[in-house]
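Common to both upcoming complexes is subunit A, partnered first by subunit B, then by subunit C.
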Partner chain A sequence: MLKLISAFVFLIVASSNAFAFSQSSGLSVSEYTLDNGTRVVVIPDRRAPVVTHMIWYKVGSADDPVGKSGIAHFLEHLLFKGTKTVPQGVFSSAVSEIGGQENAFTSSDYTAYYQKVSPSALKLMMTYEADRMRNVILSDEVVYPERDVILEERSGRVDSSPGGILSEFTQAALFVHHPYGVPVIGWEHEIAKLEREDILAFYEKWYQPWNATVVVAGDVEPEDVLALAKETYGKVVASQPEVKRERIRDPQPVVAKELRYADERVTNPVWRRAFLAPSYNRAEGNEGEALDLLAAILGESVTSRIYKDVVLEKEMATSAGSFYQGTALDSGYFGLYATPRGDTTIDDLETAMEQVIDTLLEDGVSQEELDRARKTFLKSAIYSRDSQVTLARIFGTVLTVGGKVEDVTNWAEKLGNVTVEEVNAVAKKYLIRNQAVTSYLLPKKG
Partner chain B sequence: MLKLISAFVFLIVASSNAFAFSQSSGLSVSEYTLDNGTRVVVIPDRRAPVVTHMIWYKVGSADDPVGKSGIAHFLEHLLFKGTKTVPQGVFSSAVSEIGGQENAFTSSDYTAYYQKVSPSALKLMMTYEADRMRNVILSDEVVYPERDVILEERSGRVDSSPGGILSEFTQAALFVHHPYGVPVIGWEHEIAKLEREDILAFYEKWYQPWNATVVVAGDVEPEDVLALAKETYGKVVASQPEVKRERIRDPQPVVAKELRYADERVTNPVWRRAFLAPSYNRAEGNEGEALDLLAAILGESVTSRIYKDVVLEKEMATSAGSFYQGTALDSGYFGLYATPRGDTTIDDLETAMEQVIDTLLEDGVSQEELDRARKTFLKSAIYSRDSQVTLARIFGTVLTVGGKVEDVTNWAEKLGNVTVEEVNAVAKKYLIRNQAVTSYLLPKKG
Partner chain C sequence: MLRFIIQKHLTLIAAFMVSFVFSTIANAIDIQEVKSEGGIDALLVEDYTLPIIALSFSFEGGVSQDIAGKEGTVRLLSALMDEGAGELDSSTYRAKLEELGISVGFSAGGDRFGGSLRTIREDKETAFEMLRLALNEPRFDGDAIERMRDAIRTSIIRAEADPSAIARVKLRETIFADHPYSRPTQGTEESINAITRDDIVAMHRKIFASGSVKIGVVGAISAEELAGLLEMTFGTLPKEANLQEIPEIKPKLGVVEQIDMAVPNASISLVYKGLSRDHPDFFAAHLMNHILGGGTFSSRLYREVREKRGLAYGVSSSISTREQTNFLIAGTSTRAENKDEALRIIKQEFERMAKEGVTQEELDVAKKYVAGAYAINNLDTSGKIARVLVALQTENLGIDYIDSRIQQIEAVTLEDVNRVARELLSVEPTVVTLGPATQ
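Right after this comes the complex of A and B.
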């Protein structure tokens, strides 16, 4: 019923599709704002008689109160527990009875819920979704058993995964004090102490019409969607005035950090390195697009530098690459990763990875390479654009991390304008080894 | 006028003197609580016609609001700026005119102010100190110029010191989210944004009679001190009710962390390793005392294991040792450090240091070694007990980090009871390499 987004996976999906989307000429996005502040975005997609209905709240785990991590995600669970007028299970049954799909997800910056159904069911979905914006029952009977469910979810997701454990501490090392350093699901000892009152206060603070963005993609008319939205979401009355998200800033990184975690369950070691880099929302000029293209050139496909060098030529790694996490309200980051092959040591692999980066920093990228990477980036985007859910998700994400509809629709054009000099500039500016966080997931002898 | 305490230095002073003090048989400490909640502790010390008067507030940098680091220390500066009835400079002049000394210091857990004067001036000191508990003038004219002074202080203390820079990030790595990971002086970008209102709110919240402990050591009669305290501090009326200090807990450490900082200004590399370990306040049973003795056995003197091995025998280091920071309201830590000598690499020195620890973990300590370390510990304590200020400071520290007067007076006895098994147990329990934070301060070629 719910899913925590891997920032890495999502970045790729998001970038690709935003690009793909903007290639679909003739597709026009409609935007409305209801009187109570709820935003409505409609993306026509008439390939099939299907509609994807999403609601996005501008609140995520980075808005959890200090010392009370896990509330945003906890609340996502609780939104499936029924309201005063719609008992638990009714909403989900309405979706599954017509062969629809539903899901929800929490990230650092947003929480979202969606259903993919036939257009005739859209009104019902909006009715139910508008209902649970303000009317969820948060009784002790609902909250405390669910807390145990979440603790088990955490145990299964993180504690049983050596990579998950290391990843949490890596994130905490990258973001010294900023809440991006706190796991989305929350720290175990803090989840265990969450009280009904904490959840309720969070719900009251953030689940309000002024904080909601409704995204509808599918075989629908924008005017019809607006009319339905007015009838449903438009009737929700805010119980509290608008609040702004405020997060602390971290000190400038100046120290190189290495994290090592050895675990008997590790069979394949993993080397990772992360550099703080601005998100699209925080970037100056073309820096976001340039970082996306830098990641493509370095390591997002089998023709990129890292893969060709350490996987194909040197045969030192079974997998290796790079990525840019640029979809964030606050700071993003740039990542490198590699898994050694055969007898290759993780230290030798690290040296090889560093050589790839050093070469790029010294010699820069060529125009031809940039153009090729841009094309590959586009091609992989086209393959993934088939998903209506992904399409809707891109808009929802961008709109909840500080962006506008045009940031999605103009994205490919801006990507097309990025120059060799701009790619080289962001590489030099952000791939600073002495400020990076490197993590080593290692096997441990029993 | 003010001084940030190095936790390391202070621990040694504190431990030694508490030990020394308790050896002074016949010394009896008097304790009182005034009606408004102010505690008064009197320690007779008749060696000279001198009295040390201190006030300790149970508030420190770990109580700075999240994102507003530096307030506790900022306020310490502002307490020297004058009150409604005592203009700036009057208090300090009163001290210096009679040849007295004064100082103030802020740590994570407390803020303290003191004067060392002739007993006849005690009443005046108490009058002035009681006055500035509630009456400091915090106008824009006072606050903002001082903010620049503090930014300069930070620049001189931290940014101009490679070791200072690395130390801040090491502390942040050791304490993942707990405010001990935030510098006492504050992060530069947060200090720069502190406003008068932030300081004022902090002053109103914490500078209250119920949060103050007055420590007087010297050639005085306890009853006389109590009478003076009633006349001065006793008249201060709280403007807000008592609040408790609440700090978040960190997740269990499971990942080894390494921090590297290279700087052109570094001439002597430094290797350090820190392990989280309970403070006296958080320790079970004798663990605090056992950790103190473990530090003594390992490396607090020229006869301890580390010094004998890596400095004297192997000649790999110019200095090396260990320490236990056990004076904290929340978690303490155990530290190792070494500076390579001549051509010794920092990696080789690390290996040598690890061998010393591994040997201790494998073979344990002997009864003879424990007894000898305990004696050395005591001896160095006796040398440092001459300072009346230090004596008073030990009581102030212990009383503001969760301890009682008896924790000081019984300390030597408890130290005497620590067994070989207890020392070996804390070593095994806390010196876990895979959970430690290791920092490398390195030279950098220009």
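Right after this comes the complex of A and C.
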């Protein structure tokens, strides 16, 4: 029930695709705002009698109070524990007894819950989901055993994975002050002390109709969904006024940082480097699009510069590439990674990766590379329409990290406007080695 | 037009009635049988909503075809199938796919060798030609072999230090002893180094035959168009595969193995008796397993281990059916200090299931889930439907399976489920645990 930050990487690519496609093929998206502020987005896909219903709250781990990390994610678990009128298990049974699927996930910026069911069950899903927006019962009996489950989850995801351990500290080094530096699941010593009252206060503050975005994708008519939404979500009354998310800002990075972690469980070293870069939401002009294209040209495919040079030609890495994490309310980042092949040392591999970047900074990208990257984005965009869950996630994500439906529909045009000069400019502006965070995951001889 | 299951005349009010779920599926997918001139068969679901074509295929013969000492050959072969073909070396081949957004994929399973093709309609001729090249004229160039060998070696070395992989290997070796199913699918460092290009070529020749391939296609293509492209793509393969026969094996039960390892998280696996996919009691067993640990938030194992006691984040059970074996497996991962308690609770639930079975109410709920979940899980994207079309053929389920499975599920009685529970679970399971040594 948790989407860690690393999993974001996929989303930006997926987002890009939907943006593009909505432009080029008339993907029809309807958007409404209910009187109480709840937004409703409907994306019809009538090929199968299946509907995906999601609710997204604009609150995530970056909104956890200082010293109480893990609350947003903890609360996500507790929303499955029953309400004043719907006892624990009833909602889940309603989903599973018709063969539906359900789950939930938390990120730094959002918390989302979803069910995939037959369309006839949509109303019931909306009824239950609207109910648990305000009526969850958080008793000691459900809170404290669940805290153990979360400690189990953390142990499984982080403690048992050397890469997971290093990632947490790398994130903390990249975001020195901003809460993106705190793990989504929370630090273990803080989770262990979370109290019922802390969670309840968080629930009261954020789980309000003005903070909710409902996304419905599948075999439905937009007007029908709107009517159902009015009947269910529309009746939820806010108990607290709207809160705007304002988070502390990081200083401009000045110092290069290196993290080395050696662990007996590591067999193959991993080299990573991250640069702070603006998210789509914080970017000026075309910077977000330019960073996406830069990541593609540099290292997101078999024809990219890193793959051709470091993997194919120099035969120094089994895998290597780049990515741009631009789906965030606040700062995003640009990442590089590589795993050495054979006898290659991690230092030599680092040098080879740096050479690829240096060459790009010196000579810039070509028009041909830019066109190819753009074409790949647009082509693969069509495929994203094949999955209603993917579409629902794209819209939910974009809308909860500061974007609007129009940002989605204008994306293709903006992508088309990006010039070679703009791609080269973002490369020079953000790929600054002496401001980056580099991590080395290393084997340790027992 | 494909509306996979839509029957609008059915009233929505019937939503929660079993009959609704059942009848919608009964009017499900319109599947066409396509045969090329040279006799290549495929199942097709024609749909023009999106300009996409998804094809899935499966050849007989998987990792179990590896020869002793050369384990990992089939896995290496699958990694090389899209690394250059015909006149196109690896970079050129993959750049062409990327340029057109075509995806060609191969994956080696235990008993079968699968793959897929996905393309936008306008590029379909090129896409099928790229697949034809990969299937018929893979290059197996030296640099590609070494690159993939290194990548797999890296993965082997990683697995040797990965507690969950170590536990999986132990489990496999425990229940399958010297049978091919006990072998490491990726191979060992030694075996992967021993594989030559000739071994790879020979394995390719053994597996890729037009006589054994099962094909499913979904999307913007007519039966006539497809027939021609199938003939071109698969028609020139040799007719007969040349496979090694794999003997049947019953997993060894009643063995207890603990792997001592100082890790924060312990893992637990239990193996009980299973049954084959074509066994008349398959759905009775499937329903029983669903109630016990079938992966929803309402299974008995989930409730007892996670909800009531907070002992683990996840816990589930499933029935595994392979061509030459079958078993029921359950597992969880838990913090080391909770291992014994979690194992005790899981065993207790298995014993309770064997002795007391399930209630009529549990069975009714499970039937609704199992009936309805099929469409929701398997029919919502083109790629998934294409895989279903292949499974209908490989599992001999019949073209009307999407309808008939509903009747098969409906026909299961409480007595069937409880009898199957007794038969499968009244045994001492094999238990493999990994975690710190008990003091």
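Just so it is clear, the second predicted complex is superposed on the first by the 419 of 446 C-alpha atoms of A that agree within 3 Å, B and C clash if a C-alpha of one lies under 4 Å from a C-alpha of the other, contacts with A are read in each partner's own complex, and residues count from 1 in each chain.
Note that in this section a contact is a pair of C-beta atoms (placed from the backbone, for glycine too) under 8 Å apart; a residue touches a chain by one contact, two chains touch by 3 or more.
Just so we're clear, the structure is a prediction, and the values are computed from it rather than from any experiment.
By the touch criterion defined above, A:K404 reaches neither subunit B nor subunit C.
Measured by the number of subunit A residues touched, the leading partner among subunit B and subunit C is C. In the superposition on chain A, A:G89 contacts subunit C only, with no contact to subunit B. Using the contact criterion defined above for the overlaid structures, shared-chain residue A:V176 touches subunit B, although it does not reach subunit C.
In the superposed model, A:Y261 makes contact with subunit B only, not with subunit C. In the superposed pair of complexes, A:A48 makes contact with subunit C only, with no contact to subunit B. In the superposed pair of complexes, A:L166 makes contact with subunit B only, with no contact to subunit C.
Shared interface residues of subunit A (contacting subunit B in one complex, subunit C in the other): none.
Interface of subunit A with subunit C (complex): residues 46-50, 80, 89, 92-93, 96-102, 116-121, 124, 145-149, 151-153, 155-156, 159-160, 219, 264-268, 301-303, 308, 311-312, 315, 318-319, 339, 341-342, 372, 375-376, 379-380, 382-383, 385-389. The touching residues of subunit B, counted against subunit A in their complex, run 66-67, 165-166, 168-169, 172-173, 176-177, 181-182, 187-190, 248-249, 251, 254-262, 434.
Within the complex formed with subunit A, the subunit C residues making contact are 2-6, 12-16, 20-21, 24, 47, 49-52, 54, 90-91, 94-95, 98-101, 118, 120, 143, 146-147, 150-151, 154, 157-158, 160-163, 263-265, 296-298, 306-313, 333-335, 338, 365, 368-377, 379-383.
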